[in-house]
Structure formats: C-alpha cells, structure tokens
Amino acid sequence: MIKTKQADLSRRKFLATTGAAGVATLASPAILRAAGSPIKIGMPTILSGRVAILGETASVGAKMAVDTFNAAGGIDGRMVELVIRDSKGKPDEAAKVTRDLLSSDGCALILNGEASGGTFAVHEVVRDTKTYCMHTISETSALTADPANRAPWVFRSARQGIHDAISGGLYASQLAKAGATRWATCSPDYAYGRDTTAEFMEFLAVFAPEVELVGETWPKIFQPDYTENITNLLNFAPDALYSCLWGGDLVAFFDQSSLYGLFDQFQTVAVNMGDVPVLEAIKNLPSGIHSGNRYHKDIPDTDANEAWNTSFRESGQLPTNWAWQTYTGAQFVLEALKETKGETGHEKLADATRGRTIDSPFGVNGTVTLREADNTLVDYAIGYGQTVSEAPHMEGFQPTGWDVIADHEADWMKRKNYL
Amino acid sequence: MLRLDHLVKKFGGLTATNDVTLDFPAGTLSAIIGPNGAGKTTLFNQITGHLVPTSGKIVFAGEDITGMKPAAIVRKGIGRAFQVANIFPTMTVEEALASAVSAHAHAAFELSSAFPRRDVKTRTEELLALLGMEPVARRISGEISHGDQKLLDVGLALALDPKLLLLDEPAAGMGPEERWQMMDTVQRLWKSQNMTLIFIEHDIDLVFRTAEIIHVLRYGAVLASGQADEIRGNPEVIEAYLGSETDATEADSREEPA
Amino acid sequence: MLNIDALMNCFGNSACLVTQSATGLIIGMLLFLVASGVTLIFGVLHVVNFAHGAFYMIGAYAAYSAYGVTGNYYLSVLAGAVAAAIVGVLFERLAISRVYKENLLMQLLVCYAFVLICDDAVKIIWGAEYLAMGIPSEFRVPPLRIAGGVVPPFYLFLAGSALAVAILSVILIRYSRFGKIVRAAAENATMVSVLGIRVPLYFAALFGLGCALAGMAGALAAPVRSLTPGMGLSILIESFIVTVIGGMGSIPGALLAAILLGFTRSFGSVGFPLFVDGAMFLMMVVILVFRPQGLLGERMVR
Amino acid sequence: MNLAHPFVRAAGLALVCFVLLIVLALVYPGTWLLDTLTGLFASGLLVMSLHLLVGYTGLVSFGHAAYFASGGYIFGMFLQTPDIVAAFGAWSVPVATLLALLGTGLFALVVGLICARLSEIYFAFLTLAFQMLLVSVIQGLVQYTGGDQGLMGGIPRPEFLGLDMVQVKDRFVFSAFLFLAGVLVIRLVTLSSLGATLRMVRDNEVRTAFLGVNTYRVKVLAFTIAGAVAGLGGVILAILTSAAYPEWAGWAVSGEAIFTIMLGGLHSFYGPLVGVVVMRFINDVTLIYTTHTDLAKGVAILFVVLVLRRGILDWIIDLRAARRGRKEDDNVSRALSKAGKEAEDAAS
C-alpha cells in the first residue's frame, strides 16, 4: 500500500486545491473511513539540505514497517498509508507541513521524522490539535524528560540524549583517568547541540571529577566553514574534544579539521560519528575517534539485527540511526492501531501505546519498551566504540547496561527538578 | 517682494553668480534673460534653497531666507516650475494638482480625510479652469503632450498660492505656435492671480512681448536691467547678446501671430 | 557574551595570533574572490547580482563532477570557473540583460527566480543530500608551523590563488582593451556601438567573468565544504556585506572589507563567539548609516 | 452617514466580508479551508503592508519580514509570561495583540528613522541588514526567545469574548477580524490625503519636497504604518501556530513577499492578495507532481517579470482596458462608416 510520494499526494492535493476543493475534502475523510479506506499516517521529515540522506533513510525505515504490516493483512484487511513530506529541517516549515498533513491530507496521526529543531515545532502542533504522535528522531532530553513539555498522547521512539550522555560520560571517564583531563567542545549552536553537550559534560564530571572544561566553540547549524572554530580549538590546546555535530556538518568539520591535523593532537569523542553514511562520506577517516553507536549491524550482534540490516540495504540505502528509530516508532504505532482496531482518537491510541514492549532487532535483550513514566524508548542497544578506517568502521564496542543508565537518569531528573 | 543683495555663488574656481544685486517689486512680471551658461537657473536654485550662496543675501517679503531648506522656502510663498517638466508621471492631471493643493492645505499627512478633501477638490477645479486643462484632467500626466506637461508643472506651483512664482523657461522645448500660447497663458495667470512673477527665457522676442522688466545676465553678472525699450536700445546688450544670437528682422516678423 | 581576557591572551600569544590572523586572511581571501565578482558586475553594469551565490554553488558542483572524472584538482577548479562563466553568460543574455533598464525590483526578482531554479536543478542533477569531494592527495600533508601558529598548506594555496585571480581580473578590467571597451560601453553604450563594437557581447562577457570568479571560489572550497543545494546563500550574504562595507563597485574596498570580515570572524570567535554574525551585520548597518558609499566607494549616494 | 464617502464604503466592504467569513466559519463542516485561509490572512497582511511601501511609496524594503516576526514574538513573549496573563486574564490576547501592533510600530519607526535617509539600493540593503540583525538577536537571546527553536512550549491564549484560539473556527474568526482590520487600515491610508502624498513621493520625491512636503517624514510614516500592520500578520501566524520562529524574520520571507506582490500586481490595491492566493496555489499544485516547488516558482517569476512584465491583476486590468479601448474605437469607426454611408446616400 506504499505508493510513491507523488502519487500519494496527487489525488488528495488535487482535490484540495482545485475549485470545489473545500466541500470535497472536508467531507472525504469521514466517507473514506466509513468505506474502510486506508488510515493515513503523516510523516514530516527532512528530505533536502545537508541531512537529507538521513531523512531518506528514515522514510525507508517507516515504509519497511508499514509494508510488512500491510502485507500481513493490516488491521483486519484495512491498510495503512504513509504520507511523507519534506520539512526542510526548519521549525516553521515543519509546523506548517504538519498542519497541512492533518488538515489537507487527511492524516489521522503523525509519525514525526524531524530532527530536534523541527520536532519542538511539530510537538506544539500535535499538542495544540490533540493529535497522537510518535517522535522518532529528536534526542533532546527535555522533550520527554521535562514534565512541562509532556503530552500524554505524544511518544518518543528515539535514543534520548541523557542516555547517551550517561553512556558517553562513563566511557569518556576512562580517557580522563588515562590523563585526558582538559576538555573542549565544538557542537552546533542550537537546542540539541547545547543540551546534549551540557549533559555529556555533566556526566563526564560525575564519573571523572578531575575533568576541566577549557573552552567551547559553537558553530551555527549548516555553517559552511569551520576554520575559525578549528583554530579556536587549537588555541584551547585541550587533551580531548567532544562534538555532537552530525550529518553533512560533521563531514565538513572532519575534512576541514584534518587539514589542521586536529586529530593527531588530541582525543576526539564525536557522538554522531557512528552513522554508516557519515563514516563512508568522510574521505580519509581518521582511526581512533570515539563514538556512540548510532546504528551498527553488529550492535547488538544478533541474527535479527543482521537480517534487518540486509533487508534494509535492499532499498539501496545504508541504514542509519534515523532508520532504526523510525522503523521502531512505526512498529509501535502500528501495534497500537491494531489494538484499537483502527480507531485514531488520541487518547485511545495513547492508552494502547503507553508502556508497550515489542520485539525488536535493536533491543539489548531482543525487546524495546516505551517507558510508562515518560513515554520514551528504553532497552535499546547503547554504548561506545572507536572508528577504524576500514569497514565495518567500528571496533572495541563497550555496551552500557540499562540498570546503570536508569540509576543515573533518576539522579539527573532529581537534579533537574523533573520528578 | 524679492531682493537679491550682492549674491555670489562659486563652484570651485568657477563663479556662477557674480555679485548679483536685483530687486523684484511686488506685483511685477520680470524676465531674466541671458545666453546659455549665464547663470540664470543657478540664480533660481539659490532663491529656492537648492543651492546655498557663497555670499550675499536673499530677502523675501522683508525676511532673510538665505540658506533655508527648499521646503521651508516653499512655505514662505515661493513657487517654482522647472525647465524640464517636473511632474508626477503616473498620476492623472487632476490627481496631481489635487495632491499639490492638498499639500498646500496642510493635508499632506492627513489620515482623517478622504482624498481629495472637499475644499481641495474645489480649488483643484478652479485651477483646472484657470489653466484651461479640463479636457485632459482625467489623463495620466506622463502621457499628455509636452506643452500640457509644462503647463501642469506651472499648475503645481500655482497650487501653492505663491506670492512669488518662478518659471524656468516655461516655453522650452515647444514649437513656435505653442510658445506664444504658453507666454499668453503665463501673462494671463499673472494678471489674474495678483502675484509677483519671474521667468527665465532665452528667446528675446518672447521676453520683449511678455515682461514688464527685463534683467540681462552674462557670465553670472547683471549686464543690464530695465524695460523692454531700454534693453532693446542698450548697446552692450546688443553686442553681447542680441547681435550675436538673433536676427532683429526675423524677430520683428515673428511679433505678428498671437 | 564578551570575552576580553581570551582576546587579550590571544593577542599576547604568538601561536594564537599567527593562527587566527592566518584564519582571518584565509576566510577573507575566499570572500574577496566572490565579492570582487559582485562588485565588478555592479561597478560596470550597475546591476546588483543577487544570484551570485548560485554561481558559487555551480562552481563547486561542477568541480566535484570534474574531479570525479579527471581526479585532477586544478582541472576541476578550472572546470568550476568555466561552468559558472557559461551559465553566467546564458543567464545574462536570456534574463538579466532584459531588465538592465528596469528598476531594482525587477533585477532582484530575476535573480531570485534564478536562484530558486538553480537550487532545484542541482537537486535534480546531483541529488538533495550533501556531497563531499575530499581533499586532493597532494594536500594531505601535515600543516605548517609558523611561530607556533598552525597553517595548512591547502589554505595557503586557496588564499593565494583567490587573491591572484581577483587581482588579475582587476588588471584585466583596468588595462586591457576588453576592459576599456566594457567600461566605455557602460558609460555610453550608443557611442561605443557606433564604433562597430557589439556591446551586448562585451556586457555578457563581463558578467560571465564576474560569475567565473564566484564559480572558482566555489570550486576552490569544494574539497573542504560539504556541497548542498542552497550552499550559495551564506556566502552571498557575506559577500554582500563585504561589497557594501567596501563600497559598491570598489575592488580595493572589497579587499579591505573582506579582510576586515575575515578578522572579525577569526578573532570574534575568540572574543565574542556568540555575536560574530551579529557583529558583521552591525558593521554593515553602521557603514550604511554613516558612510553609505562604503569605506572606499566613490559614488555619491544622497 | 454618507454612503458615497470612500471611507464609509471601504469600512462597509470590510464589514460585509467579515460577516461572510463568519457565515463561512459557521456552515463549513471541517478545518482545512479555515486553517488554510488563516494562514493566507497572515501572509496577506505581510504583503499588503509591504505593498504600501513598494507599490504606493516606492520604497523597496528587503527587510519587511522583520516586522512580521516582531509582531509574532511580542505577542508570544507577552503571553508566555505567566504573571502578565494572570494580571490581564481574559483580556490577555487582545492586549497582547495591541501591544504587538504598537511595539512593532515603534520598532519600525526607529528603523525607519535611520533607513529613510538613504535612497534606493542603500535603503534596500539597510533594511536587509536590520532584518539580519534581528535574526541574530533572536537566535542569540536564547533564554527569552528560545533561540533557533523559536518560542517553545506553546503560547497560552486565554479565552476572551467567548473565543477560544485553540478552536479552529474561533481562531479563524479572530484572525479574519485582524486581517480585515489591517487591510482596512491600509485601504484608508491609500484613500486618504496621506495616500496621495505617498504616491507623489513614489512618482517624484524631489518635486514633492518642492511642494513644501517633508518627504523624509512621509517615508518614515509609511514605514511605521506598514511595519505595524505586518506585525499584525505575525500575530495571526503566532495564533495559528502557537509559536514564533526566527525564520519568520528571514530574508526568504521578505523575498517571497516582494515576489508575491509582483506576481499579483504592483499597481492594483488587491494585486498582492491575488499574489498570495496564486502563490499558495502554485505551491500546492506543483506538490502534486513533484517536490521541486522552487523550480516552478522560479519559472513563474521569470514568466511574470520577463513576459507579462507586470503582475496578474495589473495584466487583467490592462487587458480589459485595452479591450474597452478597442470597443470604443469600433464604435467610432462604425459611426464614421455610418456617417459616410449617409453622406453617400444623400449624394445619390
């Protein structure tokens, strides 16, 4: 039931925009539903710009889940249809696209494939319109951790920054113990970059109190030239660098940094390095960069993961962090739809989603769960390793246990007054 | 009404206005003539505040207006029309005149009245009649004939009810027939509006026929002043200007049509 | 927001001073190359080329493709410049030349349309996702150390060639027969065409030259910047800041302003890291308010 | 009441439109059209107010989006302050709207005082620079503006006069009111004596000064009014999206607004509104076939600028005028030939 984007849009959009527009569209969702027509899931994601490749893989991930579901008969024969739209990675565009998906495309719920910037915009829309929503990409902790942001019918199937920070802090404390005590940071200047960096440094200090922050530099998101940031890092003369740059920005940063021999001068922890397309795009990948796992076919090293990896690659794309997260998010949504028998009311769907555990190739123990307390994903494989210049590009992986994460996360929430 | 007192304007090494002292009594119709580059327009620009004199004084209605801004000088009651018709090309004739009247009626910033205000409309209709422009009132200013555009320019200046009106070559760029008509209109306006009028013209015949008093400029300085007969008989003027530029007989023969 | 200490420390430390100064010059030179194209076109044709960033992008993408085929970086840079020049001449002939006499608004719109079309065309030809060209092998060498400061040889090459090409084109405009004809035609096109010279071709060539400078800048920078549709925007804005600060139409002004901006970026990131962009716009505002003709501009404005 | 008075007619038209829109809201069963129109109201005020500058005063501002964003931010930041909302209660939204209008007007006044001294291209660049400066300020003051994320956490919009801004219909009615009020203000300006002065400045600034008008003040005044009305547009969008984003002040918004005016028609009052609708149409129709909407927009611009050489509404008006002209010619020639025939008949 997955059609191409264009074909998908055409009928609906055409109705919406030609003369008679109004009445026809207005009436249609109800009629279609009565006739057992497909349930539409709207998906805003980034399909242009420097991170378009991630948006593409997210689309493939969501489609995989929906295809499998429809092939297995859907909801008693009723199909599910994805409507995917380019949000261009801009918050205002993401908000606009989401509203359009709901009001002119007749989507009943949102599978949000936007990065952090746009996610908060989408979040406002679904809170405002009381629409069931699954955020699949944003890792910004405050999205679900801060009670002020929560909405009971909104979920997150992505990693959470705080989980990575605990895992990364624990891992990096070993570097600190080995003498790397002077740290600098270079992260993108927006919510995700600021929050993630602050959380990482916070936990690094928890596990290795001797660490000192000697300087930070904040390039703008999608900044073309990092020269001034790089030379600034040289001036800080740290023992180690932390960066949460990602996608094309990370590639450009690495290419430019290599001219300055940056990676010979200190240790580098680049949390988003572990995405396969990024690893392959950097033309001369330095070895020994520390990175979190984003998506890796050997983490966890199971048959299910291996099989998923193989079938994903049939799309012609390389699997990414965005891909598994969107796939997982779509799985949760579909399971919930099945339980409500296709009803899309936000409360009903939310009740069917909250606290649910599903089988997953990405779970440490073969399952992942949407934690009941804060509607966020737990039990996914998480840990740190090092890059190597040859495929599979990652080695020395050290997983972090979820008991450790849970303890520290609880402490952190207390410190933040989130509890 | 207007007195220029030892007016000097220098551009670098060039003296455009050289110690000009002139008096324009109230209610007179004067002309300033002189060959190209004699400094006629420069003189006007100083009177209207577009240029600041290097030295000397400009006194209007007993008040020293030297160095004032153009807009302030306009409000004192000096109106001006330009050598090249200086109009509002996309507005209709009626609209342009009404806008000028409106500005004069202190309504330029008025938001409370619809345009044109009733008194503005009445005055605009008077002006249109005075100028004889009713037939083209609804046409776009940029699309009417050259002569009408010049007339509109004069009309814009008249809209300000000036005590003193300066016309810079009102008949420039027109055919012979039109020129005579234009000067007749100027004379008629002057008579009916009870104002002081100064115009620049380099066509000596038009000047002799129209003006009461004539001032001849050369190289920025006053060469001669007087009534038509005095100027006509002044040997210096004949030598410097008349003899060299116009043929006397030809000029005489042109006095016929009216 | 302000970190005077860090700035003072940097001035007192030769390593930091050398590194940051070099950074300023590197950023400045590339900007100068782009801005000199803008200012050249404005100075002669009096057209504000709002589409200049698109030519930067075209240069970068053309270089990427050429590098893929030839594997030769220098050839790729040439290809980038040539591609931008060709598109520039076509754009001038088909669109911009029709609005030379129109007002600013029309020129702006034509350029805006061209930028939209180019960005989507790039998406169609090269795809929407980022591309990375990678650093040519001859430049994969350790950076130079000068008085404790760090300077990569690749950037030396980049800044050097940018400066050289920009200056060469100025000499071309000022002293060659081509330059003299173009400038004369800009003053009085009718007179020059009476002499039997086909003025439109000369205008097109000059426009193409300006675009080639942008294209070359894009090609030069391609190895270290990830290529995306719309990548021309930020460099366009910066080069306009440079052009306005230096004075519209003044090449020496553009050089001065480009270096000024480069240093603002490099030392600003030490002293006031969060307000670097703001500082650039503020400089532009101050210049426009107090000296609208720019630092070295000659045209009277008001 | 004088029904022939232009002000009365304009206000009457606005009132009729308002009633029609309320009826639409009542009978329309869904949300799509209402939300779409609400969005169009926001961009409508942006382009209509810019048109007052570009079309009526001849001031090409590249930075008009700054005032649009300013309206949205003032509105949002005011309502996101709990103490203020507690103090104003049910009047919070109207007060915030008024504040956004006045605050934006003040902001535009300050910028206008600086920019109006410059001519053409330098004016354009300076307005652009102020817009960019505003974007960096918004992005820099993270703790107040949410930086690049925009105003996060939603904008509280307490119910007032029985209107709840979370409801599509209520929100639509209030936005329609703001929109019509904004358009009416601009309409009254263009119909007033000030409007005539604006057109004089556009046509010939020097001559206007020579009629004793302080043209600098005229330009500043136009800039201020246009800015304030644009701010009202920002308020509508902030109500619709329950947020405000720095992109609203971006150059792309300004650029698209200028294009929308040109597309619709520079010389007719309602041209920009036609432009807004057509723009949305181009966007939605091209989305059916391709994601490359920019390409379609670019081609449309080139067509309008290079082929039509005027906006759509201007083109239609000119076309009708030309046809009427031809008709008159026809009448004349018919009359002439008739006269000729009669003369022939008489002769024979």
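Lettered A, B, C and D in written order, each chain numbered from 1.
Note that in this section contacts are C-beta pairs under 8 Å (C-beta built on N, C-alpha and C of every residue); 3 or more make two chains touch, one makes a residue touch a chain.
Since we're looking at a predicted model, the values are computed, not measured.
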To get from chain A to chain B along touching chains, fewest steps?
2
What is the chain whose Cα centroid lies farthest from the Cα centroid of chain A?
B
What chain is most central when centres are computed from CA atoms?
D
How far is the middle of chain A from the middle of chain C, if each middle is the mean of its Cα atoms, in Å?
36
So how far apart, in whole Å, are chain A and chain D when each is placed at the average of its C-alpha atoms?
38
Provide the C-alpha centroid distance between chain B and chain D, rounded to the nearest whole angstrom.
42
Quick one: which residues in chain B touch 2 or more of the other chains?
none
Touching at least two other chains at once: which residues of chain C meet that condition?
123, 274, 277
Going by the touch rule stated at the top, which chains touch which?
A-C, A-D, B-D, C-D
For chain D, which residues are in contact with chain C within the complex?
54, 60, 62, 114, 117-122, 124-126, 129-130, 132-133, 136-137, 140, 251, 255, 258-259, 262, 266, 292, 294-295, 297-302, 304-306
Chain D contact footprint on chain C (complex, rising order):
1, 48, 95, 98-99, 103-106, 108-110, 112-117, 119-121, 123-124, 237, 240-241, 244, 248, 274-275, 277-278, 281-282, 284-285, 288-289, 292, 301-302
Within their complex, state which residues of chain B touch chain D.
48, 70-71, 74-75, 80, 82, 86-91, 95-96, 98-100, 102-104, 107-117, 120, 156, 159-160
Help me check something: in the complex, which residues belonging to chain C touch chain A?
10, 13, 15-16, 19-20, 22-23, 26-27, 123, 127-130, 132-135, 139-140, 142-143, 150, 152, 154-155, 221, 223-226, 228-231, 234-235, 265-266, 268-270, 273-274, 276-277
Touch list for chain D against partner chain B, complex:
5-7, 188-189, 191-197, 199-200, 202-204, 206-214, 217-218, 221
